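As structure tokens, here come the structures.
Both complexes shown next keep chain A, but they swap its partner, so chain B is in the first and chain C is in the second.
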Partner chain A sequence: MKRREFWLLVTPSVIVMFGFMLVPLYRTVRWSFERVEYGSPGTSVGFGNYSAALGDARLGRAVLFTLGLTVVVTAFCLVFGYVLATLVNQLGRRLRPLVLGVMLISYVLPHVVGAVAYSWLFDSNFGGIVNFVANKLSGGAFGEPLWFTEAWPNRAIVAANAVWFMLPFAMLMILAGLQGVSSETLEAAEIDGAGPLQRHLYVIIPSIRGVLGFVLLIFTMDVLRIFDSLIALSPQAVGLGNESIMLYIYNVAFREGAVNLGLGSAISVLTILLILVLLYPSIRSLVKEAQAA
Partner chain B sequence: MSVQVGKAVDVTTAPLVAASTATLERRAHRGRSRRRTVAVISGLVLTATCILMVFPFLWAALSSTKPTDVAFSNPPVFRYAPTLQPYVDLWQTTNFYLYLGNTLVVAVISTLVALIIGLPCAYALSRYGGVASLVLLVLALVFRALPRFAVVLPMYEISKSLGIYDTTYALAAALIAINQPFTIWLLRNFFTEIPRELDEAAMVDGCTRFGVLRRIMIPLMGPGILTAGIFVFLFAFQEYLTAAVLTDVSAKTVPVFIATQIGQNLPLLQQASAATVLLTLPVVGIAFVAQKYLVAGLASGAVKG
Partner chain C sequence: MRLQRSSRLLAVALLATSLVGLTACGAGSRTGAETATKVACDFQNPAQATTVNVLAYNSSAVDPYSNTMVSSCTHDNVTVKHDPIDFAGQVQKTTATLAGDTGTYDVVETYSFVVPDLAKRGKLVPLDDLFAKYKGAYKLDDIDENLRKAMSYEGKLYGLPMQTQVLTMVYRKDLFDKNGLKPPTTFDELRTVSKKLQDSGDMKYPLALPWSASSDISTGYKATLNSLGKNFIADDGKTPNFTTPESTKALEEMKSLLPYMDPQATTFDQPKVQQQLYNGSAAIGIMFSGRMNDLVQQKNTKLYDKFAFAAPPSVEKGGKQYGALSVDGWSIPANTKVDHDLLFQLLGSSVSEDASKASIPAAYPARKGLDQSASPYAAAAEKAIAGAPPAEAKPWVPPITSATTDIIGSVILGKESVADGTKAMQAAAEKVMADQ
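Let's turn to the complex of A and B:
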């Protein structure tokens, strides 16, 4: 393809993508060095916002909460997603679409809507069915956990909700990976006397390493950016220490009475740096792939 | 196996062979019963998972058909006279239909525009081997991973100063830009699967580059375009954060509407559950009808951005 043709074809998309994203991004970076409010020019404060952000205990808690949530949700979804994908892979032609369709529901539903529906399961003011069933089964031993006003029960439902809407993605990706595992290698391992566990550990998992790494990367980025579901599931996030990084930015730069846009922007910039570090391996492998081609 | 063994049997080894056949049979029997146990357990795990996955939605659907006074009563009521009153109220007393319309307009506009500008770009990225192509792909990857607020809060200010705040066009434009990296990555992966020889053959026959794209590639890309279209539509449909910041009253979308109903009183809450059901049903339809494309899109390395 000629150079001129390339640029003609990509220009509309590049204008939209970079025009609509780079201009705002530039503004965020500039705001991060200013004391500023919406609609009026700011005054420069140097690195003041950054030092305020790094010295803020609330941000520290938000980072800790987000990282903890990321680790728990990712680990659970990788392991259980693998188990589910293996099970779905063995299903017949008639059952499989049904199971996949059911699993896709929580993935395609808007997260905030799913989280609202989730909150009704737990809120005893709204007939919390979970408490009801758990107490029926345990003879009342389950009690009435304060799902929304106590830190750990609230963390549990936030994590459960994140697993609920992200598990299908992990399962589907791993399922797609399983299609690529060579059946000949599997047969050879079976003839050599490898049991089911050994086949999974030494044949299947190593051959879908790439997919697992990819799922890991996407999960890390997506749970780090968790926001929608907290709006519905953790109305008291600030007091409980259950603020995610995104929710913190939202609270500081958009919602709370005294909007501190500069501080919020500084945290956005810091998050971008973190994401760039996380993305570095994928970018490198992309460049390598291109050089090899 | 036993046939082959039988051929080689002579008098001295006969008892041995008989014994080993017996063990084989026993082992086969044990294997069969173990396989049955495994099948039962895996069936149970899958069933339980499926039930847990749909349960929040089912519960919302149940709540939306109960009479208002028992809809969210504790302990929950299971026997009641079903009613559709919340749906009627939702339609008559709120602007739900307006928000639903907004959501659809935003999703349709952003899907169409994203595909129209994304297709040529993705085609070029799949065929041009220069550095520029690589740089664009890497930048798109980075943009896909950006924290939303880094672009959405400035968009809020810019849209206010331009006087387009709280319009469906502004929201659609923002979503096109935000989802464009995803769109071009997904489409580019589909284009890469089409052999380049096809382009060359068509160009030898006198087709221009744009002719190749229009006459050869786009017809061949049917499934790819459909997959990308479904994903972009879903992303626009699902979007909460961008819509919450860029809209207020007149361009509000359904997810934002449902989220604002959380802290309200009972009738409003029940209307929110009705709204949840109305929003979910078409999406569930998409999940079942288009699952082939959704799975294909995910498998081709395309992921929500």
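Let's turn to the complex of A and C:
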């Protein structure tokens, strides 16, 4: 490829990257050291926003809740995504696209729409079908859990919703990985006497380690940024300690009467650092794998 | 082969139908301007093509006014544009559009809660001169003077009132009649009536109030505090009132209603309270009047003919009502480049006598002397307006509301004692006042 062609093709991406990533990032970092009001130039406050953020117990609670949710949802989606992908991989050619299509509906639905509909499953004002079915099956022993006003029931539905809309993606990625596993290797393992569980543990999973690492990376990033589904599912998030980092930033930076873009920006910068720290092992492992390949 | 062809045809047909459906969806949902009432909107035609962008949230009470403006004032060289948006979206876009030297919108819907703050910061155009110039053409003197005051700051008018919303009580007349009950006029009576409805077995949680702990609960607290005769800030304009006996009583009175409300009531906003009433899972509700007309629509609920309306009760006998009056109106942003004279004529048309008449019963117009007999809740709203505590129209109200909302929620939920909560609210309000 000629140098001119190279720049012709690369320039639009560079412009987009610069405009949509670097400029906002620069602005965020700059604002994090300022007191900012919409439309007026910021005034420097040094590290004031950072000390305010780090001194706020709410940030600690938000980080703890978000990390807990990330671990639970990611672990669940990796395990069950693998199980589902294995099952779907065994389906015939005609049935597989249909099952995949149905499963992907929750993934392509806008999160906030999906979350509103999901909340209705637990809300007696809108039918509350979960309580109804559970009580029918248990003879009324299930009772009426306070899904929206008690911390743990609320955490359960937030996590369940995240799994509901993210599991199909994990399944799809892992399915793609499974289709690349060599059938000869599997046959050889079978001839050597490896049972189904051993084949999964010692042949298939090591073969798709790269895909699993990629899924882990994406899930860590996605769940750490969870926001819109909480609007519908956790209207009392602050009081229950179920406020995610992104919701905390939104509440600080944009809520009516308390617009504080400087503090919101400082928390955003801290969040970026946290995400980088958490993703470092995954990124390093992916880079190593790419170099080895 | 035939199967493949028919599959392709089916896929193409489905795709085409979806696209047509989506297009139709988009076109239909933009506004109801096509079917809106048309009124006279006579302005001097500008020399150049002029687009007027309007920011107004969608609700059954505001839509008639925005739709009328779009349908009546889009002619000659003027095009009025209004895209659908919810209330939260309007709040954010208002902040953004008013921020700099240029904005996206030329007309913004404002309400009495935010006008003092926006006016103090010079974000809105004072309308007094334009009001005087066009009051004859649009009969603007018929707009209630008290509502004009509510949209004013330091004696200057910053919003042209279109309609007002007031906390109004709705109750199930059939259940009240069956149990020999009368609409409560005090919180004590409200508790008694609710208890009787519970004891009769008609309703497990008869009372429905929009007390969402992250937002609406602050309206509930303010209405209770105002009913007891106190504002957020004392008359000296400096000292917060949150540690006063009235503030403590307000929180205790609110908590005393919880046994009659759904255990998850602190997650309920106004639409959810409406839903409770539609479903028949509540018998008494107190909401802003703009929500009332929806309750008597057969398409919304099979109980549409069972509701009656009254002014809300006072917290104590002889006190002001548990009330809140919110006035909606039109304002002109200070940073618009469109001629203010032209814009004011659009506002005048939108709140004209004909437009206001057409908004009944969905809205309670700001104009006096209109025939409201078609509105099932107008009489109750009128009493509620007369008995509502005077609004605290000050720039510190929005930031204090925001700073104290979570604390109120925490007290009502029992996570914090009333004493600790009032101290925390006082501290938060003092911090806000230090920045004023």
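The working rule: the second predicted complex is superposed on the first by the 274 of 293 C-alpha atoms of A that agree within 3 Å, B and C clash if a C-alpha of one lies under 4 Å from a C-alpha of the other, contacts with A are read in each partner's own complex, and residues count from 1 in each chain.
Please note the rule applied: a residue touches a chain if its C-beta (ideal position, glycine included) is under 8 Å from a C-beta of that chain, and two chains touch if they have at least 3 such contacts.
What you see is a predicted model; the values in this text were computed from it and never measured.
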Item to complete: Name the contact category of A:Leu146: first (chain B only), second (chain C only), both, or neither.
Response: second
Response to the item:
In this superposition, the partner of chain A with more touched residues, chain B or chain C, is B
Item to complete: Would you sort A:Ala237 into first (chain B), second (chain C), both or neither based on which partner it touches?
Response: second
Practice prompt. Go through the superposed model and pick first if A:Phe227 touches only chain B, second if only chain C, both, or neither.
Written response: first
Practice prompt. Using the superposition on chain A described above, determine whether A:Ser124 touches chain B (first), chain C (second), both, or neither.
Written response: both
Practice prompt. Identify the partner contact of A:Tyr38: answer first if only chain B is touched, second if only chain C is, both if each is, neither if none is.
Written response: both
Discussion item. Per the contact definition in the header, classify A:Pro24: touching chain B only (first), chain C only (second), both, or neither.
Written reply: first
Worksheet item: Can A:Leu137 be said to touch chain B (first), chain C (second), both, or neither?
Response: neither
Item to complete: Could you give the residue numbers on chain A that contact chain B in one complex and chain C in the other?
Response: 38-39, 124-126, 235, 254
Worksheet item: Where on chain C does chain A make contact in their complex?
Response: 91-92, 95-96, 98-101, 212-214, 263-264, 266-267, 269, 272, 275-276, 279, 281, 398-403, 406, 409-410, 413, 415
Worksheet item: Which part of chain A faces chain C closely enough to touch in the complex?
Response: 37-40, 124-126, 144, 146-149, 235-239, 254-259
Worksheet item: Can you name the residues of chain B that touch chain A in the complex?
Response: 42, 45-46, 49-50, 52-57, 59-60, 63, 71-77, 116-118, 120-121, 123-125, 127-130, 132-134, 136-143, 145-158, 160-161, 173-174, 176-178, 180-181, 184, 209, 213, 234, 237-241, 245, 254-255, 258-259, 261-263, 269, 272-273, 276, 279-280, 283-284, 286-288, 291, 294-295, 298-299, 301, 303-304
Discussion item. Give the list of chain A residues in touch with chain B in this complex.
Written reply: 1-3, 5-7, 9-10, 12-14, 16-21, 23-25, 27-28, 31, 38-39, 83-84, 87-88, 90-91, 97, 99-114, 116-121, 124-129, 132, 164, 167-169, 172-173, 175-176, 179, 214, 218, 221-222, 225, 227-228, 231-232, 235, 245-246, 249-250, 253-254, 261, 264-265, 268-269, 271-272, 275-276, 278-279, 282-283, 286-287, 290, 293
